[in-house]
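For reference, chains read A, B, C, D and E in written order, and residue numbers begin at 1 within each chain.
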Amino acid sequence: MTPATLYGLCAAALVAIGLFGLILHPTPLRKVISFNLIGSGTFLFFGIAARRGAAAGFLGDPVPQAMVITGIVVAFAATALAVALLLRMLEAGAPTVDGPPEQPDDLSP
Amino acid sequence: MAEFLFAAAAIVLVLTGLALVRMLWGPSPADRMMAAQLLGTGGGAIAILVAIASGMTAVLDIALTLALLAAFAAVALTLGEPGSKRRGGGE
Amino acid sequence: MSLLLDLFTIVAVSSGLFFFLAGTVGFLRFPDTLTRLHALTKADNLGLGLIVLGLLPRCPDLVSALKLVAIWALVQLGGATASQLIAEFARRGGGR
Amino acid sequence: MMADATTPGGGLLVLALMLPAVGMLAIFALGLRHAERIAHATLLAGLAVALAVAVKVGQSGQAMTYLIGGWRPPLGIALQADGLSAVLMVMTAVILCAVGVFARGSFSSPRDGAETRRPFVFWSLFLGLWSALNCAWLARDLFSLFVALELLTFSAVPLVCLDGSRETLRAALRYLLFALAGSVLYLMGTGLIYGAYGTMDIATLHHLTRADWATSLALGLMIVGLMAKAALFPLHLWLPPAHAGAPAAASAVLSALVVKAPFVLILRLWFEVAPQPASTPAGAMLAGLGAASILFCSVMALRQARLKLMIAYSTVAQVGYLFLVFPLVMGSAAVTPWESVGWTGGVLQLVSHAFAKAAMFLAAGLIAEALGHDRIADLGGAAKAVPVTVAAFALAGLSLMGLPPAGGFIAKLMLLTAAVETANWWIAATILAGGILAATYVFRVVGSALAEAPEGAGTTAIARSRELAVLALALIAVALGFLPLQPFDYLAIGRGGMP
Amino acid sequence: MSLVVDLFMVLLILTSAVWTVLARDRRDAVIAFIVLGLQLSLVWMRLMAVDVALTEAAVGGGATGLVLLRACARLQPVEAEGRLPGLRAQIAAGLLCAGVGVALAAVILAPAAPAPSLAPAVAAHMDEVGLKNPVTVVLLAYRALDTLLEKVVLVLGLIGVWALAPDLFWGGRPASLRAASPSGTLTFLARVLPPVGVLIGVYLVWNGADHPGGTFQGGTVLAAMWLLVMMAGLGELPETRALRLRRLVAVGPALFIAVGLAGFWMADGFLSYPPEYAKPIIVAVEVALALSIAVILGLMVAGPAAKEPER
């Protein structure tokens, strides 16, 4: 088994784990983190395609590598937007996407 | 020599990887963040060992970036916490 | 000469590994947060420092050598401030 | 058709893509004082570009192609306007222009020149949305289409929560999470495609794809991701609150145009990327979900108390019709898909629904402005206060029901014909049942609007130009009904080389 | 031997990933996610994709981690932790996800042979662009349209974040990033690190033409340094209505589009460069883009305006 294949399997597992979190977590922040996990796994798929496509003196196919860089930028922007949105929603007083709308403000430690 | 350096990189990976146990056990967020810190340093060490062993000096830039941002997460962790008036109960 | 150089690298890198080992063991075994922090800084300071030292003579060019030194310096700076911040954070109650 | 070289006038495609983006950046960098002027200038120029593209495509009978930077696919990226893209571009431009006229009333900048939030955000994202849509219609590269989908998400989501209330923020966040999940599934599919074929270019893939397990999984992931973005049942939950919560001008664009982009991508994947003939069970499954959308969400629309929510549920139902296309086109082996009645009917449904739904949302917005609320039960007096608007609503409603002479009638008739021809009786039954349900919920609103105004209900005056913009959209939706009942050559332009 | 090390690496990654999903405390999840980012950057190095490794190191460890940790700090006092639903739902979802994972794994285990690749095509036309880093060539020449549109995505994202400000605060400053309890250590770090960091950021951008690195990596590092200064309270975030700031955001994408359009009469068309000037033009675009990226990322992390604009 080549390292590329091994990390490809790892990517499949990352996607599965992230999907689990995305489906099950009730709070938006955890959903956003899970989305990032799936994203990482997805980028790795491009990475192993790149590694397997090593040719012409390159150690990897640069095209999917470039796509991953674009993808990482977009994923960051999405994360920042989602976090800004959920913090704003919190100020407006609705912490969960589908759970009960409000929690008391002073949870004691 | 390259083999020795690659092996050294592998050993650093195993050693710092064990710090992951602290990330799981904690018990405090500070402990978990320290695990991240150790993994960051370890990552830098691995990168420079690989860079010199393989002759791919570009890999040194990875180590440079990791080192530059090493303290970043720790700084972020202490943001707004817990000095603010509304102290929270996490767990 | 080259044998001597090899020996120097092996000794320095191995000692670096030893400090990483010591750091990790301490980090896992010590009983409270602050002492664990001490163990951690050992790996940061000495572990990485010795590895950098051992690799310096093998750098293909001056720029790489400078980068190695810069990496070491940055990890020193980052590690020291991060542990300071984490310590303050833990002392304040660490958000527990 | 392989994109081998740039065709004459191909630079227009670049303009279609870049003009709105430049307008958006200009608004951002120059501040609000010029926002409206920039937006309107861009609208006019963009409309001209879209029409020019459509005319050129029609005249030459060939798809227009532009190779970005002169790099040929698969290394580079090709933009291509075939007949379908040209129709979609014109549709987008016309609807956005009408919405632009409408929105002057709700998002004009204040007189004193100070920048305010709502106009700034609306106009800049409005133009961003246009860039995104044109990119989705024109790009022939799976990864560029991913970027187009992201552009779409990033400009659509903030429009949903423009009023900043708790409900709309929640709707926007839910929309964003669904959209991101859809994007990541789509991206995963493209990654697998690249791993298997080493290209993202649709024209190149058309000749490469094999009917193997990896390709099916990749296409399946992409289509499921796009389904979430197109709000196909049961992934539709995000749509009604999001589209109902947005300001009317934004709702119109979201419902009429934004949900269409993922559907068009599915269409392209299905007919241009997937190995042919496409899988029958998968087509039946998509159609089954479409039928479920139609029936379930039409009933939901009937049960809504608020006008905008009703229209939003109706969007899910009407998008369901589009997914009926897949089994209808596969049955006929003698003719290519785009020469079939089913394909043409599907595209016509897309276009006529876009005009009708834009008109309906804008009409709902004007009614709500005039009466101060949008409770369906209390719409009495609306016909007196804003008669043109209510008429526009009713005309648009004709199209949704599929009654003659509206565009929706001919679209649904074509789908029905195709369903009968291919002996898909359950699809035919669904189309008829959906029409009856749509008639019920539209008449409920119109009947209520025709009633006498309750005592003491005040109304606000509405600018005539805004009412006329709405009416124009509704009239276009009806006028589409006078097209002949046969496959159009125009929609088949650019597909000559395909098997 | 090396496969054993890889296997260990995979084990570490999966541990972090599982903990990211299962940790009770959301901050623990975020820390695990940051650790995962570090590990993934090593994986990218192992896959010989140094450019991606740099991006992951800058974003995973830096920018995304900061956004998420900041969210935790603001959520902690208010929002209760959500719990995963009951066992039955977990099993059902787990089976579904495992199914997806197994299907993906099956595809990975049966790769196309020979592996398809555009690497030869990339290599064949490198001379026409004049840069030596193939990834930069793909990003700024062959697939420049994607890169350009991705910058538009970033600007739209920033508008989206700003759109969340209450009407009253429009044009004002974002909420302060300053640490709640200012400490001498942080101030010290924020004085010493940025000069070095800016140097490294500029170096990454400059170096990106011929060696791994580039606009996004460099821009992210610059943004991180800016944010560090803000967090230490050594500087104040600008008002979001400031036109100078707006122009800084727009300059990169605007220059890119202008260069692209200039290609209509300077070269073969949109986004093509005249061969003899390709390299200086691309470097100029990269510098402008890096500047814009740094400002956009910083502002996206800072969030919408949270104070009334000053009169």
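Note that a contact is a pair of C-beta atoms (placed from the backbone, for glycine too) under 8 Å apart; a residue touches a chain by one contact, two chains touch by 3 or more.
From a predicted model like this one, the values you see are computed outputs, not experimental measurements.
Trainee: What's the minimum number of touch steps needed to get from chain A to chain D?
Mentor: 1
Trainee: Which of the chain pairs holds the record for C-beta pairs in contact?
Mentor: Chains joined by the most C-beta contact pairs: A-E.
Trainee: So, comparing C-alpha centroids, which chain is the farthest one from chain D?
Mentor: Looking at centroid distances, C is the chain farthest away.
Trainee: Distance from the CA centroid of chain B to that of chain E, rounded to the nearest Å?
Mentor: Centre-to-centre distance between chain B and chain E: 19 Å.
Trainee: How many Å are there between the centre of chain B and the centre of chain C, using C-alpha atoms for each centre?
Mentor: 11
Trainee: Quick one: chain B and chain D, Cα centre-to-centre, how many Å?
Mentor: Chain centres of chain B and chain D, defined by C-alpha means, are spaced 47 Å apart.
Trainee: What are the residues of chain A that contact at least two other chains?
Mentor: Answer for chain A, listing residues that touch two or more other chains: 15, 32, 43, 45, 48-49, 52-53, 61, 63, 67, 70, 74, 77-78, 81, 85-86, 88, 105, 107, 109.
Trainee: Where in chain E do residues touch two or more of the other chains?
Mentor: Counting only residues that touch two or more other chains, chain E contributes 2, 26-27, 70, 74, 76-78, 81, 104, 111, 115-118, 122, 142-143, 146, 150, 153, 157, 160, 164, 181, 183, 186, 189, 193, 196.
Trainee: Going by the contact rule already set, what residues in chain C reach two or more other chains?
Mentor: 70, 74, 77-78, 81, 85, 88, 92, 95-96
Trainee: In the complex, go through chain D and note every residue touching chain A.
Mentor: Interface residues on chain D, with respect to chain A: 75, 143, 146-147, 150, 153-154, 157-158, 161, 164-167, 169-170, 172-174, 176-177, 180-181, 183-184, 187-188, 191-192, 194-195, 198.
Trainee: Mind listing the chain C positions that touch chain E in their complex?
Mentor: Residues of chain C touching chain E: 70, 74, 77-78, 81, 84-85, 88, 92, 95.
Trainee: Considering the complex alone, what residue numbers of chain B touch chain C?
Mentor: Those residues of chain B that touch chain C are 1, 4-5, 8, 11-12, 15-16, 18-19, 21-22, 28-31, 33-35, 37-38, 41-42, 44-45, 48-49, 51-52, 55, 57, 60-61, 63-64, 67-71, 73-75, 77-78, 81-83, 88, 90-91.
Trainee: Under the stated contact criterion, what part of chain A meets chain E in this complex?
Mentor: 1, 3-21, 23-27, 29-30, 32-34, 36-37, 40, 43-45, 47-63, 65-70, 72-74, 76-81, 83-88, 90, 95-96, 99, 103, 105, 107
Trainee: Any idea which chain E residues touch chain A in the complex?
Mentor: Per the stated touch rule, the residues are 2-3, 6-7, 10, 13-14, 17-18, 20-21, 26, 29-30, 33, 36, 40, 43-44, 46-49, 51-52, 55-56, 59, 63-64, 67-68, 70-72, 74-75, 77-85, 89-90, 93-94, 96-98, 100-102, 104-105, 108-109, 111, 115-120, 122-124, 134-135, 137-139, 142-143, 146-147, 150, 153-154, 157, 160-161, 164, 214, 216, 297, 300-301, 303-304.
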